[in-house]
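Once you've had a glance at the structure underneath, I'll fire off some questions.
The letters A, B, C and D name the chains in turn, as written, and every chain counts its residues from 1.
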Amino acid sequence: MNVGIVGASGYSGEVLVKLLLAHPRATLRAVSSRTHAGKPLVAVMPAVRGADRGLRFVDSDPVALAAMDIDLFFLALPHGAAAGFAKVLVPAGKRVIDLSADFRVADLATYRKYYGEHHAPELLPVARFVLPELTPPAWRQEAKLVAAPGCYPTSVIVPLAPLLRAGVISREHIVVNACSGVSGAGRKVDEMYLYVERAESMKAYGLLKHRHLSEIEEQLALHAGGPIVLQFNPHLAPMRRGIATTITVPAAAGAGLDVLYAAWAAAYANRPFVQMLPAGETPDTAHTIGTNRIDIAAAHDPRTNNFVITAAEDNLMKGASGQAVQIMNLWSGFEETDGLV
Amino acid sequence: MNVGIVGASGYSGEVLVKLLLAHPRATLRAVSSRTHAGKPLVAVMPAVRGADRGLRFVDSDPVALAAMDIDLFFLALPHGAAAGFAKVLVPAGKRVIDLSADFRVADLATYRKYYGEHHAPELLPVARFVLPELTPPAWRQEAKLVAAPGCYPTSVIVPLAPLLRAGVISREHIVVNACSGVSGAGRKVDEMYLYVERAESMKAYGLLKHRHLSEIEEQLALHAGGPIVLQFNPHLAPMRRGIATTITVPAAAGAGLDVLYAAWAAAYANRPFVQMLPAGETPDTAHTIGTNRIDIAAAHDPRTNNFVITAAEDNLMKGASGQAVQIMNLWSGFEETDGLV
Amino acid sequence: MNVGIVGASGYSGEVLVKLLLAHPRATLRAVSSRTHAGKPLVAVMPAVRGADRGLRFVDSDPVALAAMDIDLFFLALPHGAAAGFAKVLVPAGKRVIDLSADFRVADLATYRKYYGEHHAPELLPVARFVLPELTPPAWRQEAKLVAAPGCYPTSVIVPLAPLLRAGVISREHIVVNACSGVSGAGRKVDEMYLYVERAESMKAYGLLKHRHLSEIEEQLALHAGGPIVLQFNPHLAPMRRGIATTITVPAAAGAGLDVLYAAWAAAYANRPFVQMLPAGETPDTAHTIGTNRIDIAAAHDPRTNNFVITAAEDNLMKGASGQAVQIMNLWSGFEETDGLV
Amino acid sequence: MNVGIVGASGYSGEVLVKLLLAHPRATLRAVSSRTHAGKPLVAVMPAVRGADRGLRFVDSDPVALAAMDIDLFFLALPHGAAAGFAKVLVPAGKRVIDLSADFRVADLATYRKYYGEHHAPELLPVARFVLPELTPPAWRQEAKLVAAPGCYPTSVIVPLAPLLRAGVISREHIVVNACSGVSGAGRKVDEMYLYVERAESMKAYGLLKHRHLSEIEEQLALHAGGPIVLQFNPHLAPMRRGIATTITVPAAAGAGLDVLYAAWAAAYANRPFVQMLPAGETPDTAHTIGTNRIDIAAAHDPRTNNFVITAAEDNLMKGASGQAVQIMNLWSGFEETDGLV
């Protein structure tokens, strides 16, 4: 299978490049970038030196890309930009896995409230939000366009969805605190992201109406069978990669840790990329870096009757590019773990 | 005034040494350490080279220390060890500022539940927990022994105490997430604190019954006029110093940001070491490192009716040694900011 | 092919575990550790969670290991300890790749000067120091025991050996400065390696008679056809992995950059794991982390007539475990790059 | 004494602001910035919150600045920009301490070769390069304009100047390797200086003809009494502040460590900001951060007959702003250490 990456020069694009260059069943045929068109891949991404197969960046032109002998495209573009490529590539019969938010939110009004105008609303009916461990498998036949989940949302939806579905936790008073590595902001050249500004610095940011809320709450509502409104407090941590998420939520009446873990086990028992740690342990981002895993654990506080749920993942792997490859694997009938271990 | 530091070789001890060597009104006469007795200060603490005034470590022997011409001792010792020094130094007429937890919790049963046996309960009546901006000034005359607040507690009590007192926030559903730099664990030689383990790593730890809860809840109860039970989720962040604390708490009926800020202003308007940031901003640990400040800010989420309160401080300054010097200054009639700007 | 790792719980052991769990042609059958015998691999190495195949640590007992159905052992042990395992495993017909220094130095007197007593000198005749890109291939048939090069030595020998052999550089006034990440010290629990001590810290250490000098100079002498005595200045840099080495050496009479690059090209033109950067560029450790590459480049200073040669590698990959797997691949007739891309 | 800072929003400007706000004898009256004119100081530099005395940025207009009631200006501007301010402020009778390179190189031809056109060559005769521990004190009367040394040059000139003067070392085969924290590049918003690019990254850069060479070699020649041409290899290290410099140089005939240390002692014995470590120790940048010290040490390698000289400093203190304040202190008849301990 031939694959291409549109917008390959950002951080999630770079991880996609590395994963696909080493993938046993997909062949990376095209990497595109407006800025770097014409340059050798290795000039922009020296980390793949010697493994770059002589690839050069092509221009990010949707029509030209659609004409290439490529079966599946990954869109690693900013929100708003991806839709313009999807509206050319999907009608041309290409499979598309979009890593942006453009097709993650099914409700158009919600999308507009958080992101502004949508540039390809006509594709929403054929798009599927796919979190591989949670989305029922029919998408593998139905979808023409897959929206891969965001990094923060993955770290919230994976632990909470089975618990809301099973009624193990309250639907109210859910408080999510998440700490992300700096690559979560993308390769944005801004004073805020300079080494000297971020090293040894920890801070909350984007409180209230963070864009990812739209996706988190819409997805959780599907699992809960009713609306979910939660507090989402993102933080910037002095590290390159990783998200550590800590969720405090009241236990449902009578629900203990055994019930919680049983709900998780029902959803994830044999899934290689969701790992449950024993109660009492807490996942560490460092243990997930470079893997496609999300590690989850829970504790119960008898003083408050809250569950404290912790999750860790590599924001560029299970939180972005690794998960996108996992989606490609399932969509294409490959082993789920191909190229991911 | 002559001062001494018992247990000067840990991280808070080291910051105390630096502050006191440069203090305009106190003279550091003794630094003690069981491990380093006899060694030049500079051999253990090369950062003070050239400013060390030839000081050498003396043994941490309470009787010998009590016999020295020293007016005030700082105890920078582990919990449990400090009491044994206080019980000799206080009766000998020395002023004592204890940076450990030994005298922070007035209720002996609570202390025992969290820390085990208390080695000098007879001193509890003459000990005062002093958070300079909150404790009424009578302690300056009454106290013989001052317990300086811990780093996590300072970052929780400073923002919450005036709000509980003014009834601006709920007493329930308080969720505290705090991220601490690695020095918060002290100079503990343990695999967990190795550079390679902690760099690029973020994780929750010590969920449920963290020792600092005893102090946080006891103090908050005093301000609230009734018991407070909260969720406290500490995290270890890949940085040397700093604590960033994010508190989610429902607003009291009808309370908005203006009321919250008014309550803060009433408590802190002219206090140099508590700085209020405008709503919408969030404090950054990096901006507080090396200072004795705690920066606080708040946002109100109309979707959840929660306040999200953020605080940042240097865990070794306002969270430990800086605050201890601030206490010394007030106790001794110096300017509050002497040696701290 | 079945393989085992003796001393698998250190940093190079951990990287070996990850590489071998994912290797397409070798099967990891045993991991040993005195400290962790009996524990599940995942309990000690949570980063392999989900990929650990249920492995448990066995005791590091050479006789018991020799009895296992294992074809090849990696020794990831401290200097001095490896020889004791080799002297049992080699006679038992096992192939052994030793990552310690025990068999790197052919001259016993030199070994003793730098490391002390040798515990298996009788094996020196059947041991081969193998730097895959430089050692003539006869070792693949002859060796019973292979000494994998150290991290600093790889970063010095790879760039210098072809230049000394071709007479492109002076044999005198060679100055090597190298900066290593903290994992170079191994998982040593010592105050010096605590996060708070090493973060934001840069320093030279181990000047004069650094142990690796014995191996560097012996190897370079073989290529130069005469003794080499150089200045080797190692440094500790605030990062987890990586070595950046900068070598200043006078150009031989009449030799320019084209001659230098030609000598490199003759040695390395088609070798995937040695990459030459154009003159004027300088390699970056970050671009090599997680790969088995060493990147090298050179500049010529007309003011001094020196070459300034720069190299970067991942100290745990090309500098240790990756190179050991590369050696296994060549020894076993696998593709050189198997499990390494 | 009233002082002002032109270009106060860069990293050395920020350190100057902090030092001068706390200085016991100088009063900071003006901070200028083209970009931030009109904004409160604290809005741009939140680290001085509460200590900012209500200062606001004024425009960087030389004529308007010259009209202010200010005795001494610090120029914390890029190379090339400083001269334009000096040519207005100096004739207006203001003392000027320039932290840029504009007046560091006395030889105009050399300046042009490294930096391009000079915008105020007429001031070169009244300018003095002042390294306080080395420059004979007559400058305190003669100078109208002082060029403060650069960060790399300070770390090379301080250790080498007395040795060249005393003939303890060779004038040839001097090899300088220096590793700088990222703030050495200033607050430059460039992809190269993003957190994700620099964390965990170590690399050489700017080999050959680095701009600082002009200043280093001109100064060393003055002390050596003849031309010095050396190899200077700068590196970028993953830390915010600090420079670690390692110099390899052949010992002069018969010179040993005792002679070397005697030459240093003659120059620096009672100078608080140059500290000599015993032979065998090596300075650590972390021990100098926040201080105005440079720590130096030497070892002698009998195998090569080289001295290996190591130095560490805070690039923004002794390497820039701290040294500028030290110069102000001496120029103004204050204690050399005022505001610096």
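The rule is simple: a residue touches a chain if its C-beta (ideal position, glycine included) is under 8 Å from a C-beta of that chain, and two chains touch if they have at least 3 such contacts.
Just so it is clear, the model here is predicted, and its values are computed rather than measured.
The set of chains in contact with chain A as well as chain D comprises B, C.
When the C-beta contacts at C-D and at B-C are tallied, the pair with the greater total is C-D.
Relative to chain C, the most remote chain by averaged C-alpha coordinates is B. Chain A and chain C have Cα centroids separated by 37 Å.
In whole angstrom, the spacing between the mean C-alpha positions of chain C and chain D is 39.
Chain B and chain C have centres, each the mean of its CA atoms, that are 46 Å apart. Chain contacts: chain A has residues 181, 197, 199-200, 238-240, 284, 286, 289 touching two or more partner chains. Those residues of chain C lying in contact with chain D across their complex are 173, 175, 177, 179, 181, 197, 199-205, 207-209, 229-231, 233, 235, 237-242, 244, 246, 248, 282-286, 289, 299, 301, 303-304, 306, 308, 310, 312. Listing the residues of chain D that touch chain A in their complex gives 11, 182-183, 187, 189-191, 193-200, 238-240. Interface of chain C with chain A (complex): residues 21-22, 46-47, 49-51, 199-200, 272-273, 275, 284, 286-291, 293, 295, 341.
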